[in-house]
Every structure is written in structure tokens, then in C-alpha cells.
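First subunit A sits with subunit B, and in the next complex the same chain sits with subunit C.
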Partner chain A sequence: MNGYPVLKGASYTLAVTPDMVIHNGTTQTTEQIVNPDSEYLKELPGHLRSFEDAVAYIPNQVYIGNAKPADLASTEFPFYDKKWPNASRDGKYGQIMPQDEFYGVIQICDVFDLVNLEKSFAAEVKGKLAAQNLFTEAQLAVLDKNESTPEAITALVNDEHAEGLYMNNKLVGAIKRAHDVDVNLSAHVMLENLVTKASNVISLIELVKKAGVAPEEVDYVIDCCEEACGDMNQRGGGNFAKAAAEIAGFTNATGSDVRGFCAGPAHAVLHAAALVKAGTFKHVVVTAGGCTAKLGMNGKDHVKKGLPILEDAIAGFSVMISEDDGVSPQIRTDIIGRHTIGTGSAPQNVIGALVTNPLEAAGLKILDIDKYSPEMQNPDITKPAGAGDVPEANYKMIAALGVKKGELARGDIASFVKDHGMTGWAPTQGHIPSGVPYLGPLRDEVLAGETKKAMIIGKGSLFLGRMTNLFDGVSFVVQANDGSAQGGQGAGFDEAAVKTMIGQAMRDFAKGLLGEE
Partner chain B sequence: MDLENQKRVKDFAEKYGPENLVVILGAAEGEAAGLAAETVTAGDPTFAGPLAGVQLGLTVYHICEDEMKAEVDAGVYDEQISMMEMVMDVDDIANEMSSIRNDYCKYL
Partner chain C sequence: MAILNGKKAVIIGDRDGIPGPSIEACVKTAGAEVVFSSTECFV
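Showing the complex of A and B:
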């Protein structure tokens, strides 16, 4: 294949789940074990936002494409006390779903009869989900099978080790364990895995609806979330990708899971781009759902400082990478940064490995890249928690390395951050903020001629798994389509190839005139 | 400071004696550096880890403070730290660290 794999489309979705913050976020579940009478747990419910407030939250509107990254940059910090005018749950790239509908999607995604919803709640949810036009009649009919009374659901939670699903702290459903002994199939794990599957499915369906992807054209799906699916004999066996694609109706696809902590999505895009570049598949979708564990992760700091709980949504995203169409932005499979085992952990070595080394190898300078998209965590969430402004810190590091290399003046660090950086808008769901939230807006900016080259950087904290002290990262460059699919590699126009083609056409024409076949 | 690191610091203090230990931090900003410094001197302010209520009073510095910088080979410092020095608010970090040391450090 000439040219490069291209970014064909992207979708981004959120499900606002305030009750899951209380019952499933690990900050809260840990507190319930360690300090059940704590002030934090008492104050927490008063800090949960309404669905409308979560929809109007400007970073969320940027995530689903109703506002642009530049709109957030021009918004005065902090963001939690401001609303986006004309905010809508329906976005250019996806949507924001309320908790009750999300519980319905969880049940649609459950193929082992583990989810039970209270009968009248299920009927109500079915009507709301039908109006969203995401699922077939047959899929929605699953919600009709609920015969559960409130008493039956309470009994499942109290006596059968099921995990409860709550609306305004009232029990409306339960997820049963899938095995009596195996902790990998416990109700807790099944809930986590069904949530990531459900949020993944919503993003895949929105990719079809909003980005115009034909589901039957997709050859391969790669999931890059941070959960593990399997039983006691193969705890991380997989395969979230195929499981989610099945519900989303990608009938001609198979798939697999790629893991790399927060760097997972960037690795998965490299896998997808390589599969397309090699000609193995024409259309590969990279996709991930979100995680319950990180809901309210920084809640203690947010409550202490009088903020709403800003980590109240399960996120998802999907990106389609296809063979070069001559139009869409290209992924430069020949400009790849990677943190190697020998790179070490000093920040300047890390930034060198991920940013300057690949650029130098391609004859590019730091300033040749219009926009950098590292970990795009929303500073509204991280700054009150003492974790600083993550994207800004990355931009400063890139600029500082530029200063050391003589590509920037020391006084230009601040303007570099402003001109080549963006204010983070992504929810702190681990893999979700890692570089990829920009792929949707980037595609639009490139097609509009506003951005020519961007670098996506994913980083991951491998040490959290206690298998290595290393961390990790990979990066890649996306550029405006150079037309190389129609010509020679990167040249845009290969005169010799054109002459050969014309010569062949003339010979064929002459044969036709002579009556030869 | 995460629970695992608190446990390590506590174990080292018991094994080698708190007067023989110096903790060197690499946190990227003042508030985070201050919290870690407080943890190894006055105890874990979040009361979640092994150092909750344990006042070790250890000597603690940030790698960008002049006292530490003077101890490190200039070439190694340039290679490992100098870029981050440009990024961090070193004055803020140094102020935070010296105030914690003045209040809680037992071995200066």
C-alpha cells in the first residue's frame, strides 16, 4: 500500500453514574472498609452533580465534540462553576448517557443472565433507550424479561453475593456472581467488566452513527481498556474487543485486546495502523470502555475543597483506522517514539525517547509539530487533588528539552505551552485521557486546514502491576494527507510510475484497435 | 505518599536508625513535595498508611534544593535533572521543604 493508514473517524461517550461513584469507586469502597463512619462518606452524596450539570460541564462538552479544545482554553479556570451554553447530551462525536439508561445497556450487554433489574424500572428504561435509537428491537426486548421485585433484588444482594445497582441510593437492580468460588467471576468483577463492555458498546455504536462507519466493513477490533476478563484458569484471557463488537453488530470483524495501562490506546493505534499498512486488514477499530474503579478517585480532595465530585462518569472512545483514502489525516507509521527498556526513568530521557528522537530521525524539529496531545487529564480534576496540570507539565517538559537542544529560547517555554499545547478536557479514567481524546478534534482540524501535524503521546505506569519498576510510553505523528496513496512514497507524484501507467494504457489501447484481446 | 513507600521508609528507619536516614524527594510541585515531607517527619496526614501517627522526624530534601544539588556530580545532574529544573517551581518547592524541616525534622 502506498500512503499511510488514515484516521477515518472517532467517537467519544460518557455515562454519568453518580450512584456508582459511591458504591463502586475504589476510593469510596476502600473508605467504607477502613473508615465506614468517616466525614467524607457522610458529605459525599451532597457533592454529587445532577445529570444536567454533568452535561453542561464544559470539559464534557469538549469530550463529545459540542465544544472545541480551544473553547476550553479560553474558559477561565476553574471550570466546575461554569456551564456551556446550549449544552446537549447529544454530541458531534457521541453522547452523554444518564445512569438509568446505562443500566439498561449493561443488561443488553449481559449474555449470561447475570443482570436483574426491577421490573417497572426496566420498563421505564426500555422506553428511554428506544428513543435513543442505539439498539435493535430484539436487543431492547431483553429488558422485558425482568420479573424482579424490589424484594427479590434485595435478596440477591443480601443473600447471594450480588452487587447492587442504585438510583438515588435506591436499589433498582443487581449483578450476580458468575461462579460460586472463582474470584475472577465474582459479582464485583462481573460488574466492572460489564460496565467496561457496555461503555465500549455505546462508543462503537456512536462510531457508526456519528462518524458514518459501516459496521459490516470493519475487519478487526482492538480493545485497549485496563480491565481483565477471564476465569481462574486464565484471569486476563480476554476478549473484550470481540464481545463488544458482537453487541454493536460488527458482524464481519474479529478482534483482540491490547494492554499497556494508560499507554494501551496509543499501543493499540500502532497495532491497528501496522495491520492496515501491511495490508492485512482495510479497516481496524481501536476501542475502549471505562472503569468504575476510578469514579471519585480524587473525591476526598474535591469534597474537602467544596467542589462537586467531578469524576462521576464512565468514559468510552472508538477510532477507526483505514487504508489511505487520499483525504483523511495520515498516521505516520515511520515516525514512532517509544520508551525502551534502556531509556531509563529520567524525565529528559523519557521526553527524548517519545518526542525528540523520532522527530530528529524524520528530520523534524519540536516546533514543526503544531499540536501535542499527551495525557489530556482535565486540570479541574487534578489540580485540586495536588496532582497539578498534567498536560501543561508535559508541554513544559517538551519545551524544556527543546531549550536544552537549542531549538527554543528559555523565554519561549510559556508561549510554546500556549501555542503547541491544549487545556486537558478528558475524564481521569486511566487509559481514556492518554493522547487519544484529541484524535476526533484533530481529524476535523486537519480537514479544515487548521492543523497540519500533531503528535499523540501515550504513557503508562507499568509499576502499578508490581511486575516491573518500569513505566512505558509510545508516540506517533498524525499529518494532513500528503496524497502519497496516489503516487510514490511520500512524494505525492511519481513521474516514472505515471509514465509506465500511460505506456501500459497506450499499449492496451493499441491492442484493442488491432482487435487483440 | 503511597502506602508501599511509607512502609519502606518505616522499615529503613527501623533497620538503620532514623538519625542515619535521608529521604530525597522528586515530586514535581511544592504541595506534593510538602505532603511527602510531612509524611516522613510528622506522620501521614491522610491517616491511611503505616506512617499514620508515626513521627519519624527524618531528614528530608527535594533533589532540586541547593543542599542536594551540591552533593551530586554536575554531569549526572545535568543529564538526569536539569530539564525538570526548568519545568518546576524550584523556589516554591524549596520554601515548602524548609518549612516542613524547620517544624518537624529531629536530626538537623
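Showing the complex of A and C:
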């Protein structure tokens, strides 16, 4: 096959779940165990935002495509006290869903009758979800089966080890455990897994609605979230991919899960691109739902500083990688950065492995890449918590290596950060911010001729699993379509290959001069 | 770096900043004994 795999479309979604911050975020659940009477837990509810405020939050509007990354860059920091003027829950790339509707989606995604919603709540949610035109009548009918009274729901939580679902701190539903002994099927794990599945499903459906993907054309789906599903005999057995794609109606697809902590999405895009480049499949979707555990992760610092709880949404994204159509941005499967086992963890080694080494091998300079998308965490969340501005730290390190290599002047570091970087807009949902939030805006920028080349960088903290102290990361370059698939301008001319050939010829020539033939 | 000579050091590195092993290498050369070192992810 000529050409490269292309970025055919992307979707991004959020579900604003303030009650889940309290009941399911690990910062809060840990506090409830170790310090149940803490000031933080008392103050927390007063810092939760309304759905409308979360929708109007500019980073969220960038995430779903109603505002551009440049709009956030031109917004005065901090962002939490500002609103996007034309904010809407409906976005160019997806949508922001309120908590009650999201609970309905969780039940639609539950095929083992584990989710119980209070009868009148379920009826109300069904009406709201029907108006969203996301699910079939048959899928929505699942919500009609709820006969539970508030007392029955309370009994499930108090007596049957179920996890509660709350609206404004009032119990409206419960998720039961799927086994009486196996902790891998406990109510806690089932809730986490159904949440990631549900948020994944919303993103897949929005990929169909907003990016025009035909679900029946998709051959393969790769899930790259950070959860694990399985039972006591195969704890991470997996296949969130197929489970979510089933609900989203991707009837001709099979799939599997790829894991790599926060680097999972970048690894998964490489897998997808390789499958397409090899001709194994024509259309592969990389997708992930979000994570309840990380809700309110930095909440203590946000409350202490009088900020709203900014980590109040479950995120999801989906990206379709397809065979070269001659138009869409291409994924250069031959310019791949990788953190190897021997790379080590020193920051300059990491950025060298992920950025400068692959560029150098392809005959490119740091400044040849118009935009870099590393970890795109929103600094509004991380700076008050003392974690700094993560994207900016990455840009500075790339620029510093550029100075070291003589590719830019020391005085140009600040302008490099501004011109080749972006202000982070992604929620701190682990794998979600990891390079991929830019794929949607990037596709639009490339098609508009605003951006020619970009590098997506995913990094992962493998040491969190206590199996290795290693760090991880992979990167890839996305470029404007060079027409190589259709015999266009770039057909028959591979710049990197030509450079390699010239290099080899010069080495042979030098050997000849030295008499080493 | 004489302030670290002969001292015991507890190191918590940052995934997106300076990781534990890098800090560890520095403080060892300054004469400190590393009693704990890890890298954490804050995002």
C-alpha cells in the first residue's frame, strides 16, 4: 500500500459527575476511611460546580471542539473564574453530558442486570436521553424495567454490598456486585468498569454522529483506558473494546485492549496505524472511557485555595485511523519515538528518545514540527496543586534539547514554547490528556492549511504498578497529506529514504577513500 | 552541597519533573544516604 494511515476523525466527550467526586474519587474515599471528620470532606460539597458552570468552563469547551486551543492560550490565567461566551453541551467533536443522563447510559451499558435505578428517576432520565438521539428505542427501553423504590435501593447499598449512585447526595440508584466472593467483580470494580464502558460508548456514538464514521465499516476497535476487567482467574482478561463497540453498534468490528498507563492511547494509535499500514484492516478505532478514581484527585488543594473542584468530569475519546484517502492528515509510521528499556529516566534522555532521536533519524529538526502535543493536562488543575504546568515543562525540555543540539538559540526558548506549544485543556483523567486530545483540532488545522506537521507524545508511569521502576513513552508524527497514496505530489518521493540512500552512498565513498573496500 | 553530607535522604521524584533516580544520583554524590526513593505521578 502506498501512502500512510490517516486520521479520519475524532470525538471527545465529558460526563459531569459531581456526586461521583464525593463517592468514587479515591482522594475522597481514602479521606473517608482515614479521616472521616476532616474539614476537607465538610467543605467539599460547597466547592462542586453546577453542570452549567462545567459546560461554560473554557478548557471543557476546547475539549469538545467549541473553542480552539488558541482561544485558551489567549485566555488570561486562571481559567476557573471565566466562562466561554457561547458555551454549549453540544460540541463539534462530542458533548458534555449531565450526571443523571450518564447514570442512564451506565444502565444501558450493563448487560448483567447489575444497575438498579429508582423508578421515577429512570423514567425522567429516559426522556432526557431520548432527546439526545444517542440510543435506539430498544436500548432506551432498558430504563423502563426499573421498578425499585428508594427503600429497595437503600437496602441494596446497606445490606447487599452495592455501590450507590447519587444525585445531589440523594440515593437514586445502585450497582450490585457481580459475585459474592470475587473482589474483581465487587460492586466497586463493577461501578468503575461500567463507568469507563459507558463513557467509551458515548464517545464511540459521538464519533459516528459528529465525525461521520459509518459504524458498520469499522473493522477493529482498540480500547486504551487504564481499568482492568476480568474475574479472579483472569483479573485483566479484558476486552472493554468489544464490550463498548457492541453497545455503540459497530457490528462488523472485533477488537482488543492495549494498556500502557497514560501512554496507552499513543501505543494504541501506533497499533492501529500499523494494522492499517499493513493492510490487515481498513478502518481501526482507538477509544477509551474515563476513570472515577481520579475525580477530585487534586481536590484538597483546590478546596484549600478556594477554587471549585475542577476534576468533576469523566472523559472519553475516540479516533478513527483509516487507509490513506489522499486528503486526511497522515500518521508517519516511519517516524516513531520510543522510550526503550535502556533509555533511563533522566528528563533529557526521555525527551531525546521521544522527540529528538526520531526527528534526527528522519532528517528533521525540532523546528520542523509546527506543534507538539505531549501531556496536555490543564494547568488550571495542576498548578494550584503544586504539580506545575505539565505541557509547558515538556516544551521547555524540548527547547532545551534544541539549544543543546544547536537548532535554536537560548533566547528563543520562550518563543518556542509559545509558537510550538499549546496551553493544556484536558482533564486529569490519566490516559485522556496524553497527546491525543489534540488529534481532533489537529485534523482541522491540517485540513485548513494552518499546521503542516505535529508530534503526538504519550508518556506513562509504569512504576505505579510496582512491577518495574521504568518510565515509558512513545511518539509519532502527523503530517498534511502528501498525496502519496494517489500518485500525487509526493508519490514516488520519500524524503527520508532519499536521505538514507545519500548517507549510505557517502559512507561507501568515505570507505573507498580509506581503502576499506 | 555540603548540607547533604552524612545526612539521610527521603526522595519523592515527579514523573513530569525530576524523577527519583535522577535526584538519587545527585544526592549520593553529595554524600547523603538514600533511605527511600520513589517517583510519583501527580496527574
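Here is the rule we use: the second predicted complex is superposed on the first by the 487 of 517 C-alpha atoms of A that agree within 3 Å, B and C clash if a C-alpha of one lies under 4 Å from a C-alpha of the other, contacts with A are read in each partner's own complex, and residues count from 1 in each chain.
In this text, a contact is a pair of C-beta atoms (placed from the backbone, for glycine too) under 8 Å apart; a residue touches a chain by one contact, two chains touch by 3 or more.
Since we're looking at a predicted model, the values are computed, not measured.
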Touching partner for A:S461 - first (subunit B), second (subunit C), both, neither: second
Contacts of A:P347 with subunit B and subunit C, given as first, second, both or neither: both
Larger contact residue set on subunit A - subunit B or subunit C: C
Which superposed partner A:A393 touches (first subunit B, second subunit C, both, neither): both
Touching partner for A:I413 - first (subunit B), second (subunit C), both, neither: first
First (subunit B), second (subunit C), both or neither touched by A:T428: second
Partner chain in contact with A:P358 - subunit B first, subunit C second, else both or neither: neither
First (subunit B), second (subunit C), both or neither touched by A:V403: first
Set of subunit A residues, in rising order, touched by both subunit B and subunit C: 346-347, 386-388, 393
Contact set on subunit A toward subunit C in their complex: 262, 298, 344-347, 375, 377, 382, 385-388, 390, 393-394, 428, 430, 433, 459, 461, 463-464, 469, 471
Parts of subunit A lying in touch with subunit B, wherever the complex brings them together: 34, 300, 346-348, 351, 386-388, 393, 396-397, 400-401, 403-404, 410, 413
Residue ranges of subunit C in contact with subunit A within the complex: 14-22, 38-39, 41-43
Complex interface listing, subunit B residues touching subunit A: 28-29, 31-32, 35, 46, 48, 79-84, 86-87
